[in-house]
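Two complexes are shown next, each including subunit A; its partner changes from subunit B in the first to subunit C in the second.
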Partner chain A sequence: MARSIAWRLATVAAIRDETPTVRSFTLALPDWPGHRPGQHVDIRLTAEDGYSVERSYSIASEPERDGLVDLTVERIPDGEVSAFLHDVVVPGDRFEVRGPIGGYFVWEAPLGGPLLLVAGGSGIVPLMAMLRHRARAGSAAPTRLLYSSRGADEIIYRAELDALATDGSGLDVHHTLTRTQPPGWTGYARRIDERMLADVVEPIRPSTRVFICGPTALVETAANALVRLGLPAGQIRTERFGPTGT
Partner chain B sequence: MSERFVTRGFIGRRGTQDPSGAADTRSRVPPGQYLTRDFPVLSAGPTPRTALDRWSLRIEGLVAAPVEWTWSEFLALPARDWLVDISCVTKWTHLDMRWRGPSVDTLLEAADIDPRAAFVVAFSDGGYTTNLPLGDVLNGGAFVAFEYDGRPLAPEHGGPARLVVPGRYFWKSAKWIRGLRLQSADDPGFWESLGYHNRGDQWREERYSGD
Partner chain C sequence: MDEDERADATGEGRLDGNALGGLLSGVFDRDVTEAPSECAHCGTVNVIAAMHAYTRAPGIVLRCPACGGVVLRIVETTEATFVDARGAAYIRLERTHR
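What follows is the complex of A and B.
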């Protein structure tokens, strides 16, 4: 029988605003066993009277950072945990974390490319762990990121993505802004659809590994379109969040 | 750590109260779970789509002879309504989900099961599998749903038909099910081979391997 994944006490080492509603928390985790890009952690918050809640969050940071793990959390209106993390937590605070968890939605440099990453909103987080790892590992795997945000100020990691896309390693970043576009915007300006994916992944190679993370509607649209474009379903890995409406 | 660490400033919303403010439903929410009214979708890959005229459901493995139903034969099996609470390992619990479909008992009655059968592997379109002790799916413990909330089960929720095992985390409720294989030995399925618990009992909080 495998050993249980232990709860560890994390100390918040730093907090950084990413967008008006998204914040990154750097957690110091002594004895962290390491993770693979794409994995997540569970966190547990406990009140004085013993009431406690758990939530899962994707890891945003690359595994090359010893003992430090970044979580990027969107503040959900009325979110019991995300609102607490945003509104109450300050550096030096501590809470329980266990992980890493999940072994399927994972990419590591030796797997190589070509790689297609498709993100909607905070679905960028586990993909960012892959991109950061790709950079730190010196991988030149041809990689394309198609990232859908509502508006320019809601693009998470924008400056870092810009920098990674110009480092000569073979990463192309394509943004689409679905709600509002700033003057002079030259990127896509609609929801992800089959034509946009065909544009971005041209030429389609059956060996392309695909990771899609975002709201259900985006993931469904993108995964179905890629299957229609000829990518083998087994090459497409998805992670979803959010309600379906029904 | 055995003692839970108290987080500075955390009070919580006491989210195990029913969001509608109706009955006290706290006792129905397993440890570490929160209540939702949504029906979140989680899948490891694209949603498979199989035409109903090519769909079948099969009982195989340790049976005298495999049994297979076409879609129309499957719909003709004795079905009932099920009102059950569902808990996903990603922490949401949804109370009183209404489904319709035949029980696994009904399906297995049609097959002559070898007494050595002790485990079952559910297999699905797209290659997904999940394993269960036979006892977990008998005596009303599981059913194969073709309707949710009075409507045909949507593809992203596992339609045309999915296994539903209310007593276990929801990954055991295989979407897009195409059959059950009876075995004498246990055989870890997709998530069970990727660090998730082999049994997945939400009341024992069996989330991950070793829990």
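What follows is the complex of A and C.
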């Protein structure tokens, strides 16, 4: 177990739009000890008058990139930190980062599969770190991703997920669009439920490792349904997202 | 403070203990998310990361995912940090070998 987690100064190296409300920030972190896929960091913004605010964000990038960490942040209306990151921060800006944090919601290639990943909205972010790591490590662990978004233009990493799903490594990607569907949509078109999960995980293999990340309601619906479908509760790891600021 | 950030998305204030790893590292001087702890109410052992965390209160509260009992309460004031661990029979912190 690591000793106290240090605050260090990150420099914004690049900013990329993912969807109309989601942006990725590449941070340069000197002396970064490296992270594991699924871990998160805390960001601290401090105003000139000393007022400071902290938020937790999942790391989106694979650990194979040295000294560079991607965070993918959804802009929350009136969100103190996310709005600042979206509206004010430009490359070259610096702020404090503490991490990497958490060894529980983590998957690394040697753990193997089968793997079931369930995401809602920006809950895809820590799972994307796992998928990017899986690709970089050359893992062929059988993996299924069920990803719930409101509409097609809100799917984060869509093109990259499409590419990963067709690279022959054994990744299946299933989308559900809960609010609006484009013409000709052939994916699911409702909130994640037990029947959908049964479809996606079929056949049930009790050795499957499950990682679920998203809003609380989605996480609990999915976790409870998977237990009813016969997956051991001890293999289901969840990350509910919400405010952690101090 | 904008406690409402994400409020619409979460519906309620419950998170996983995992999300509080950074904050807890400021109290315990290490990442305790993988530390097992026995609930004093029901005897279930869970790692901190798997406990239910409530942050929209004065301070933070960790509850046992099995019985809902309060395991840990932490309140930070300008002067001190208060750790109320009466709901934890124990918290196991591995020795660090460095």
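As a convention for this text, the second predicted complex is superposed on the first by the 238 of 246 C-alpha atoms of A that agree within 3 Å, B and C clash if a C-alpha of one lies under 4 Å from a C-alpha of the other, contacts with A are read in each partner's own complex, and residues count from 1 in each chain.
Simple rule for what comes next: contacts are C-beta pairs under 8 Å (C-beta built on N, C-alpha and C of every residue); 3 or more make two chains touch, one makes a residue touch a chain.
None of these values were measured; they are calculated from a predicted model.
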item	value
Which of subunit B and subunit C A:G121 touches, first, second, both or neither	second
Partner chain(s) touched by A:V200 [first = subunit B, second = subunit C, both, neither]	neither
Partner chain(s) touched by A:E54 [first = subunit B, second = subunit C, both, neither]	both
Which of subunit B and subunit C A:I101 touches, first, second, both or neither	both
Contacts of A:I76 with subunit B and subunit C, given as first, second, both or neither	second
Which superposed partner A:A137 touches (first subunit B, second subunit C, both, neither)	neither
First (subunit B), second (subunit C), both or neither touched by A:T216	both
Partner with the higher number of touched subunit A residues, subunit C or subunit B	B
Subunit B/subunit C common contact set on subunit A	1-5, 42, 53-56, 78, 80, 101-105, 216, 237-244, 246
Subunit C partner contacts - residues on subunit A that touch it in the complex	1-5, 40-42, 53-56, 76, 78-82, 98-99, 101-105, 121, 215-217, 237-246
Footprint of subunit A on subunit C - complex, ascending	1-7, 9-16, 18-23, 25-26, 29-35, 47, 49-50, 53, 55-56, 76, 93-94, 96, 98
Subunit B contact footprint on subunit A (complex, rising order)	1-9, 42, 44-48, 50-56, 78, 80, 84, 88-89, 93-96, 101-105, 216, 219-220, 223-224, 226-227, 233-234, 236-244, 246
Subunit B residues within the subunit A interface of the complex	1, 4-15, 32-34, 36, 38-48, 90-91, 126-127, 149, 154, 156-157, 190-191, 194-195, 207-211
